[in-house]
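See the structures that follow.
Next come two complexes, and both contain chain A; in the first it sits with chain B, in the second with chain C.
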Partner chain A sequence: MTEGRKILGSIGLGILTIFVIVAVLAPHIAPYDPHQMYRPMEHPSSRHLLGTNDIGNDILSEIIYGTRVSLFIAFIVSAISMLVGTSLGLIAGYFDKLGFLIMRVVDIFLTIPRLPLIIIIAASMRPSIWNLIAIFLIFGWTMTARIIRSEVLTLRTRYYIDATKMIGGGDFYILWRHILPNVIPLVVVQFIMEAIHVILAESGLSFLGLGDPVARSWGMVLHYAFECPIIYVSDVWMWWMLPPGLCIVFTVLGLTFVGYALEETLDPRLKNPAYGREL
Partner chain B sequence: MPGDALSYLTDPGADIPVRMTEEKREILLAYYGLDKPILEQYINYMVGITRGDLGWSIYYSAPVLEVILGRLKWTLLLVGTSTAIHVTLGILIGAASAWAHGRTKDVCLLVSILSISSFPSFFLGILMVIFFGIKLDIFPIGGAQTAFATYQSPFGEIFDILHHLILPAATLVISHIGGTYLLMRNSMLGVLGEDYIMTARAKGLSERYILHRHALTNALLPIVTMTAMTIGFMIMGTIFVETVFAYPGIGNLLYNAVLYHDYPLLQGIFLFMTIAIVGANFLADMIYVRLDPRVDHE
Partner chain C sequence: MSVIEISDLKTYFPTKDGIVRAVDRIDLSIHERETIGLIGETGCGKTVLGLTLMRLLHPTTTVEGTIMYGGKNLLKISEAEMRLIRGEAIAMILQNPTTSLNPVMRVGEQIAEAIRLHQGLNRRDAKEKAVEMLDAVRIPLPHKRVGEYPHEFSGGMKQRVMIAMGLACNPSFIIADEPTKGLDVTIKAQIIELLRETTPDKAMLLITHDLDVARELCDRIAIMYAGELVECAPTDEIFEDPLHPYTRGFLGSLPRNGLVPIPGMSPSLINLPDGCRFHPRCADAKETCQKKHPEMIEVECGHFVRCFDA
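Take a look at the complex of A and B:
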């Protein structure tokens, strides 16, 4: 199975690399400016490879620029969530009193139903990329903090930590030099999980019409397509809905494959099923 | 959420803004009891709840309880059916996959399940509507029942409801099966590494017997917990599927309540959500004790 995991991981990495290249080079790849208006509802042709939408934007360019928006939101949210979640998790696991406080805050956040609250906040704020990022950040760090904390709780009882204390290592030295490197694998897997979650949640919110109407993500393209009744009575969906939808699917799939491959590389226990798996 | 139901109506950015004088506004606020101090409103609400009165939905102009109960049956039908199917399928496929661990069958199952669970539920729903509702025209594209239908017999009505249920339920099943499958597969792999499986093999029991009596039953435990934990979230998660299929359930209601700033209705929905989540967890704990007697003695 290890071979299988490697192959899946490489496929996932390949898919993600393509999307990242498209996102970075969007202005050079996209044939048109996504806000430029042409004749609306044109079918695919050599001039507009995926046709134009109801207000005449070139759909292919819209999707290429959408890659930027979708990946940017996912990356920023996951990165900041990991930074905050890991720091708080380390502190919470190492210092008991502070840990108690932090964990009660985490408990509160984990009991609040995430999706309805996100919808309520998104509906009451002016839709923009930055507001979406802020909304996802409110919840993004909690699970990571919890997972990192429980790992720190076991790590800090190891003999080498006692040994370091004995030769006079300070708390922050121990956290930075001996505990942090050991939780990094978990953080990487959490990063991928969070990215998958944000891509799906962002596309969902945008699909409901709560995304940024100017910087359109894939979900927002789908939202406008879904609003347009003509989608059901013609073949328009083939170039207007299928491409952005499949972009979401392949990004999530790429992340899933990479996460699956890393899970084993980073956690050697999985190589031998005889050890079982903690759930 | 800033603003109230009235400021939603009078918002100049709305589709059809309603003009309202200041006096009119005050009369309306007094009518709904919104002019009283927050604490008094809160006490009134809590006293109301003890009598089963959840307040008055401003947008639907009906008691909140009535509005929610009218929608709840559809969501329960949808979530209940799809949970039953995705859990059963997830367990069977997950167990088969773990049993064939490392072989081609396992890899194929894993890759295909991971692939189909990468579809966001609303995108999957749209594809379902287009293929089965429009191209093939074998299923209705929305709603929970045919509008204004008169049925010859009760069976006709049941058939009509099921006919409308299949596409949204299938969408939910496909988008949730990945979690159950992966958990079952991992749990089963853990169990297969246990000593008692080796003992069973050493005793010469048949592979079939080991799979059914020793491995499957023990691997099921985490599934019970997970199903209970996800059921509450699934009720809210139906919001996308219900939007695509115009299914008159709770998710759809929540979205409208947010849109129209209907606070009493929102509070009611959250109350029901909480009850559903706590209830599902309680049920899981009860079932767990029956399935694993060791838990009881702790």
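Take a look at the complex of A and C:
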């Protein structure tokens, strides 16, 4: 890995580690229960580091607990999407007829504009984290399935696949033992891409008020902040709006950096910057 | 006793330009402990014959004839039964060792695969067996090498690994598809030596276009031209008394025999010439050669040739 990518990758990994630790240890780190009410609209002080919101919740605690919600949704959706997308991609790439069917379904999903439809579905369902997860899952697997399939299409023509057939390996044995390990790097990068997408989409939906009002994610904190007209006319935005926004930005940045660093393992040509220019 | 008996085997590929007759009416039986060299130019159907025996061709291929092995016709049994035979009873050693090994899998695991698939050994026993196999193919420090990846091996060593993979389940019949392709002379000699040492008790079909390799290893040699066998005889007879003009041309094209090329090109397997398939390139072709297709005849005991002149 080139030096620049290495450094960025480490920074990204550092940022993500911090957020994950915060999410896991939220009850120990947060100074207050995020649902506990104190005096509303307090400015930052030693008692409330980021002040309190319009109904008196401690904003810092709210954001710390929000890390849990945002990361949980992103992780669950990405993990399940990868599981489904990779399985279907493997099958679609290896078995021609099934692959044709699966790819037509993927085509349909890919032609539908994702975000508007997600908004429509979310608006028509009762807002809860599980519904959000379900909505993201509907679309999450499609791109992965397509990418994995195209990789499998080339992998299955390799000689070592023939060699495995020659020692009596069956189709599923070949998929599991020989093709899957070769697509894992792709799956990892897709996982990161999906996580970025879900964090942004979830924040967007919550910001629009379509998120879970009980399990407050960063987007939901923003939503409540923007519903309060006072943030437009006073300094309140500095501790109410800015921190959750920055959390979203840094999480996405951390994921992007890690993805950028891993990109090179997928495309070794990136190691030599001169390669592209010579063409 | 013959281990495998091929009779009237035809492998045709339907394409949009016509039918490719890659293997056409081949009869061949291979006896116990015998090595047969299958020799021919690139594209004459040698590898297709090997793949036909393993039944690993594309499903649209039409295969006719019989391949008798262990009392069963391999063309009639189910895919599940065939899978039990592949690797366990019949093994194929592939050409291109560099691309025939999975780059993300340890060499030991790849050797152990066949054993684990067929004999259900656990991971540790299979690994021990892999070490044993690496040692058998003369790879130094097998205990250390067993955990390494293919890119840590040289070309010759990868070919040894391929041989170890083929021999892992102790098959009774081995198809070796150009095992010396792309190796330099010293390594080639080592691989030939290794094949000789490790397979004395096995029947082997050695596919190659290297006559010297065949001379070193084979008891009999079958010469293939445009999808069919044109001559089949004990090795010494092929070299001392070649009867088919193609065999003579092939021998004459060797560097030490003057590097005389055979005129013309081998025919397309879609548009085969009428009569003898070799007549357009044959110096001694007569009128009958253009009209009638010659059959294999036994001119001497064990020496078969497909030519009117012989």
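Quick note on the criterion: the second predicted complex is superposed on the first by the 268 of 279 C-alpha atoms of A that agree within 3 Å, B and C clash if a C-alpha of one lies under 4 Å from a C-alpha of the other, contacts with A are read in each partner's own complex, and residues count from 1 in each chain.
The criterion applied here is as follows: contacts are C-beta pairs under 8 Å (C-beta built on N, C-alpha and C of every residue); 3 or more make two chains touch, one makes a residue touch a chain.
As the structure is a computational prediction, the values presented were derived from the model and not from experiment.
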Would you mind checking whether chain B and chain C clash or fit side by side on chain A after the superposition? fit
After superposition on the shared chain, which partner residues are touched by A:Val188: those of chain B (first), chain C (second), both, or neither? neither
Which partner does A:Tyr232 contact after superposing on A: first (chain B), second (chain C), both, neither? first
Quick check for you: in the superposed arrangement, does A:Val84 touch first (chain B), second (chain C), both or neither? neither
Where does A:His178 make contact in the superposed view: on chain B (first), on chain C (second), on both, or on neither? second
Between chain B (first) and chain C (second), which, if any, makes contact with A:Gly204: first, second, both or neither? first
Partner chain(s) touched by A:Ala163 [first = chain B, second = chain C, both, neither]: second
I'd like to know which partner A:Leu153 touches here: chain B for first, chain C for second, both or neither. neither
Nearest Cα pair across chain B and chain C, whole Å: 20
Set intersection of chain A contacts, chain C complex versus chain B complex: none
Spell out the part of chain A that touches chain C in their complex, as residue ranges. 158-160, 162-170, 173, 177-178, 181-182
For a test of understanding, state which residues of chain C touch chain A in their complex under the given definition. 54, 56, 83-88, 91-92, 94, 96, 99-105, 110, 113-114, 117-118, 162, 165, 168-169
Residue ranges of chain A in contact with chain B within the complex: 1, 4, 8, 113-116, 119-120, 123-124, 200, 203-204, 207-208, 222, 226, 232-233, 237, 241, 245, 248-250, 252-253, 256-257, 260, 272-277, 279
Which residues of chain B touch chain A in the complex? 1-3, 101-102, 106-107, 111, 114-115, 117-123, 126-127, 129-130, 134, 141, 183, 186-187, 189-194, 222, 232-233, 236-237, 239-240, 243-244, 254-255, 258-259, 266, 269-270, 273, 277
